[in-house]
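Letters A, B, C and D name the chains as they come in the text, with residue numbers starting at 1 for each one.
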Amino acid sequence: MENKKTYLGKIASAIESLATGMGITGKEFFTPKVTECYPENRDTLYIFDRFKGVLEMPHDENGNSKCIACGMCQTVCPNDAIVVDSEMVEDEASGKKKKQLVKYEYDLGSCMYCNLCVEICPTDAIRFNTGFENAVFDRSLLNMTLHVAKAGTAKKEETSVLADKPEALEKKEKPDQK
Amino acid sequence: MEVGKTKKKELVKIKSIPYKDFKNNDYLEEMVRELHENGVNVVVGALDEAINWGRGNSLWPLTFATSCCGIEFMSVGAARYDMARFGLEVARASPRQADFIMVAGTITDKMAPVLKRLYDQMADPKYVIAVGGCTISGGPFKHSYHVVKGIDQILPVDVFIPGCPPRPEAMLYGMMQLQRKVKLQRFFGDVNKKEVSEKEYEERMKRDMTANS
Amino acid sequence: MSVQNKISQQFPTAQIEEKSDRLIVSINAELLREMAVMLYNDKELRFDFMRSLTGMDWGEAGFGVVYHLESTEDIKRQLELKVVIPDRENPFIDTVSDLWKTALLNEREVYDYFGVIFIGHPDMRRLYLRSEWKGFPLRKDYVRAEGLDMTNEEPDDSTVTWYRDKNGVPRSRRYNLFESGEYVVNIGPQHPATHGVLRFRVSLEGEFLKKLDVHCGYIHRGVEKLCESMTYQQTISLTDRLDYLSSLQNRHALCMCVEKAMGLELSDRIQYIRTIMDELQRINSHLLFFATFCMDLGALTSFFYGFRDREKILDILEETTGGRLTMHYNVIGGVEEDIHPNFVKRVKELLAYLPYALEEYRKVFTENIIAKNRLIGVGHLSREDAISFGATGPTGRGSNWACDVRKRIPYGVYDKVDFKEIVRSECDSYARYLIRMDEIKESMRIIETLIDNIPEGNYREKTKAVIRVPEGSYYTAVEASRGEFGVYLESRGDKSPYRLKFRSTGLPLIAGIDTISRGEKIADLIAIGASLDYVVPDIDR
Amino acid sequence: MFDFSIVTSSIHAWLSEYLSQGLAIFVECVAVGIGILALYAIIAIIMIYMERKVCAAFQCRIGPVRVGPFGLFQLIADVIKMLIKEIIIISHSDKFLYNLAPYVVIVGSVLAFACLPISQGLEILDFNIGVFFFLAVSSIGVIGILLAGWSSNNKFSLIGAMRSGSQMISYELSIGLSVLTVVALAGTMQFSEIVAMQSSGWLLFKGHIPAVIAFVVYLIAANAECNRGPFDLPEAESELTAGFHTEYSGMHFGLFYVAEFVNLFIVSAFAATVFLGGWMPFHVSGLDGFNRIMDYIPGALWFFGKSFFLVWVLMWIKWTFPRLRVDQILQLEWKYLVPIGLVNLSIMALCAVFGWHF
């Protein structure tokens, strides 16, 4: 008799546990969904400002950056993602020899976002922006040139990847809270 | 880039993102130009368009993940980012049924033949997305003795998504890039087949079967 | 009699050095077997838990193996056994895998890295690299052969074992792991249930598992070798990618190890932040565990619930650290950036939300009769085996072994907070699952006590641009999401480590999976694997 | 209630005017064949779309939305993709059986589909042992699955197929028992008559307790019969990659995929027909006004409404529970469902004999 009771008891408790489970999923069926529609919400999407997307080198209106071509970032990078090309230029005023940036190359495809380069930079010439739309068909586009000196005047960010940066995202960038 | 701007023609439309906001459009323009040079029959062209619309909107990924990027790939599939919106959620565990492989995570020397085999096992037409630094260049493990320095050495990669790991939105963006590419290809003709000859294919299959079951 | 006296009495040639936290004993390879048997069996010593086994290349001095031993009876009994193998040409050493089963895979790892052969080990194959691989990568004089081998691996189930003949000369013998006629199924490396790229060769009898052979190395990235050529600041970013679900904790371990070695004092604020972050990471990891566990058992909807709630934690972490998975947050001497102004508020919101989520998990999965039937009594791992395999973390605690590093050797501010170490005695998959669910609650309690009391102070202490660690060997462990994550650092005073070994949390679990799953059904293998919750890149490193 | 037999007989009469009797029947057969295949395809598309949307809703996400309005064209895209996808022939497989298997599965499924009375007079196969025939043809599918698993020359496929075989054959018994229970009540095996006798009330209510038990047992067993979760062992993704169809690609895989979903519809529709009155509107005896309003809703709508409701319930079950283990599945069948079914059948027999039903 007892055996039979447990047999039926088992069925009852099983059905009960299954019903609770179905109750939960049934409730979720009707609750609003949590999905964020990424491409649709592109204009309102907020990316945390500490998120590291792409390394960038801000330039002032004359196309000059703060980089002094010391090459610290290149040394500290674990991945050789940064190549600083510099030359020695004689300063006309003082006559002293000074390093000047010729080309600043950055390989987005190798970067591991460890932030060591930004940290070590003595002049805060580089920083990470929050751009994440970087997928491309052509590997070589991930090799970016952040700075290039052309006939004396440095030109602003050159590569198409950076130039294409959507304005919507640019607006939301705020200075670091640090 | 200048040339691309003068054309100003929207080759392919993706909902919610204007054509000009996409990166690397010149690649697509170049691709389409090459296709046109080969000459397309109008009827076939129209049919192609319909087919490519279907193919572009129905890309089923292979569940393949080796490391960190795989977790983000799972996030893309999960509720918050939900790649089902794009019809991409039918992740197939069997390579025979998948359309593209998201290589998410480091590929090591030991894994490389396996990955190659998985790719070979997939049915045509098939695509490869390289996700994250490791698959693009070896990433953090670039100097390691046991890591492949970029899977483009072993597979024809269609889209590169940089990041370590790329955030889910970046992955979605990469998938949309792939959709754009697929929609512009021609199904008829062999443009999209970067494949081996029939004979070598058979040979490889044979090797597959004997190597492991 | 103290441990020290006992050893010096038995082995007069052993060099003993006493450190504040452990005893360092150096011996020659011939003595190892005798010493190991004594350490393991002696009633007063009883070093039954091998924390870590590290291979070494000491250059001129030969190869070496370093064993970190602990007694589960008295955690004060800590021993670091350094064994030197002077013969570089024919490095032989006796196995200890019959005493500590965790050595089964660890010794294979040492063989793989250094070519040191363990006599008496039943299965002396390479662990990570392919059998055709030339050279032993972690030797200091290793040069990688050019080219990528794209040939398919041949399914070879034969292995080699070494023994000493009558004259004491080492000889090898080949044998097959599986008998002919066994139905051997290959699971992995690309298989949805292996959580990455792990490969099992499974011998089946109907649906029952007869034997299981693990193949690792499909994501072996050579992190330890890489570290030897990197500065300390650079090495810490690699730890994030080992067990990417414990990235903060892993990094905590390495930073702590270097800080300890340098004698760097940290402000309380750093300790608090690190502890809170570790616990957030643990919740994150356990939620992911819940999600994948349910997925492996076929409850796909629960998978989505787990991920849904995990995103809330990721948001908090991302806001402060700037990363969702690889956070790059801890640095040597503190944390990279101070906590975000929103941090405290958001954490509190999370703490308010989580109980609701946990209740939902309980109703939809934990209490579910199907889940219970599939898990209770499945995958038995006895306490002895857990200790022997070194299966720490929730797995060990599910086998009634209180092995929480946070309690054993407190770090951070764990000695200041009151929390329970969850231990269960059922030893099955369900216990391992429940422990993780309960640990979420404990982590919440820890965060709750700490979040309001984060003291003011530096979030980052000043360090030199080039960090040099004083000569010596250091071992530090933290309780990562899935067990003890240890860092063994040997420094020669350079700006990069001489040898850096990470004690994997997953390798002991994998070592034990054959024992756990034998005689169970193939579907149970999936449940067992899921309940162990290993992360493959952490195993392969 | 509109009777479709008027339409069909008028078409027949019209055709017979121009053609000989044999030819007319032949033309009708072809037309019906095309019609049923088209309907089958439409149902498949609806089912898959529904599955994807419903499971998304259970999982706090929104499912396909970007292809067409509400993602409605998603499935069309999938079909196009599927059709042009390469069909890989495995070199070490039994090619004939390997190619045959998906068609066996689909034929069984289409035949079973043909049995269902969609509306009054709109039934394709309707004869005195209809229920029996339905059970027979719906079990053809298992042969296809076994063939697929065996001929693929893949160990995972084989295990999946073997699991499937043992599972489906076992659960056939429960389905049979629960259907017999209803047949005992209805006293006929012809679908049209079973539906007709429910005009006064659905069999689920007429047969009260034993019918409800039979209904529940049937739902569980039918779920298992379709290899749907929590009984989706043959294709348990986390264990066996994709189970018996691991090696299939392109449209061959598509056929398995489609058959799986349509089978789900078929078993639901069968349950709707036998237990819930099929196309028969919801009637409450005594409330004539209410009954008349109900009659205005076309029968096909009733039929599809009930069927899809049951499909939704089965999806709800699938997306809630974890998967059972193979021995537990058999245990559930042999230790619980079969004894319950047998006892239930005898109770129903008593009820039928003594008239203890409504």
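Odds and ends about this structure:
Quick note on the criterion: contacts are C-beta pairs under 8 Å (C-beta built on N, C-alpha and C of every residue); 3 or more make two chains touch, one makes a residue touch a chain.
Values in this document were obtained by computation on a predicted structure and should not be read as measured data.
When the C-beta contacts at A-C and at B-D are tallied, the pair with the greater total is B-D. Centroids built from CA atoms put chain C at 30 Å from chain A.
Measuring from the averaged C-alpha position of chain B to that of chain D gives a distance of 37 Å. Between chain C and chain D, the centres computed from C-alpha atoms are 50 Å apart. Averaging Cα coordinates per chain places chain A and chain B 22 Å apart.
Contact with two or more other chains is made by residues 56, 58-62, 65, 155, 237, 241, 319-321 of chain D.
Chain contacts: chain C has residues 186, 191-192, 237-238, 301, 303-305, 308, 311, 326, 364-365, 368, 370 touching two or more partner chains. The set of chain A residues that touch two or more partner chains comprises 18, 21, 24-25, 28, 33-35, 37, 51, 78, 112-113.
Chain contact topology: the protein chains form a complete graph, every chain touching every other one. Taken together, the chain A residues at the contact with chain B in this complex read 33-40, 42, 45, 47, 51, 78-80, 107-113, 132-139, 141-142, 160-161, 163-164, 166. By the touch rule above, chain B contacts chain C in their complex via residues 63-68, 70-72, 74-75, 78-80, 93, 95, 105-106, 108-114, 116-118, 140-141, 143-148, 153-154, 164-165, 167, 207-208, 211-213. On the side of chain C, the complex with chain D involves touching residues 183, 185-186, 191-193, 207, 294-305, 308, 364-365, 368, 370-371, 373-374, 521-524, 526. Taken together, the chain D residues at the contact with chain B in this complex read 52, 56, 59-67, 71, 73-74, 76-82, 84-88, 90-92, 153-155, 237, 241-242, 245-250, 253. Those residues of chain A that touch chain C in the complex are listed here as 13-14, 17-18, 20-21, 23-25, 28, 34, 48, 50-52, 76, 78, 112-116, 119-120, 128, 177-178.
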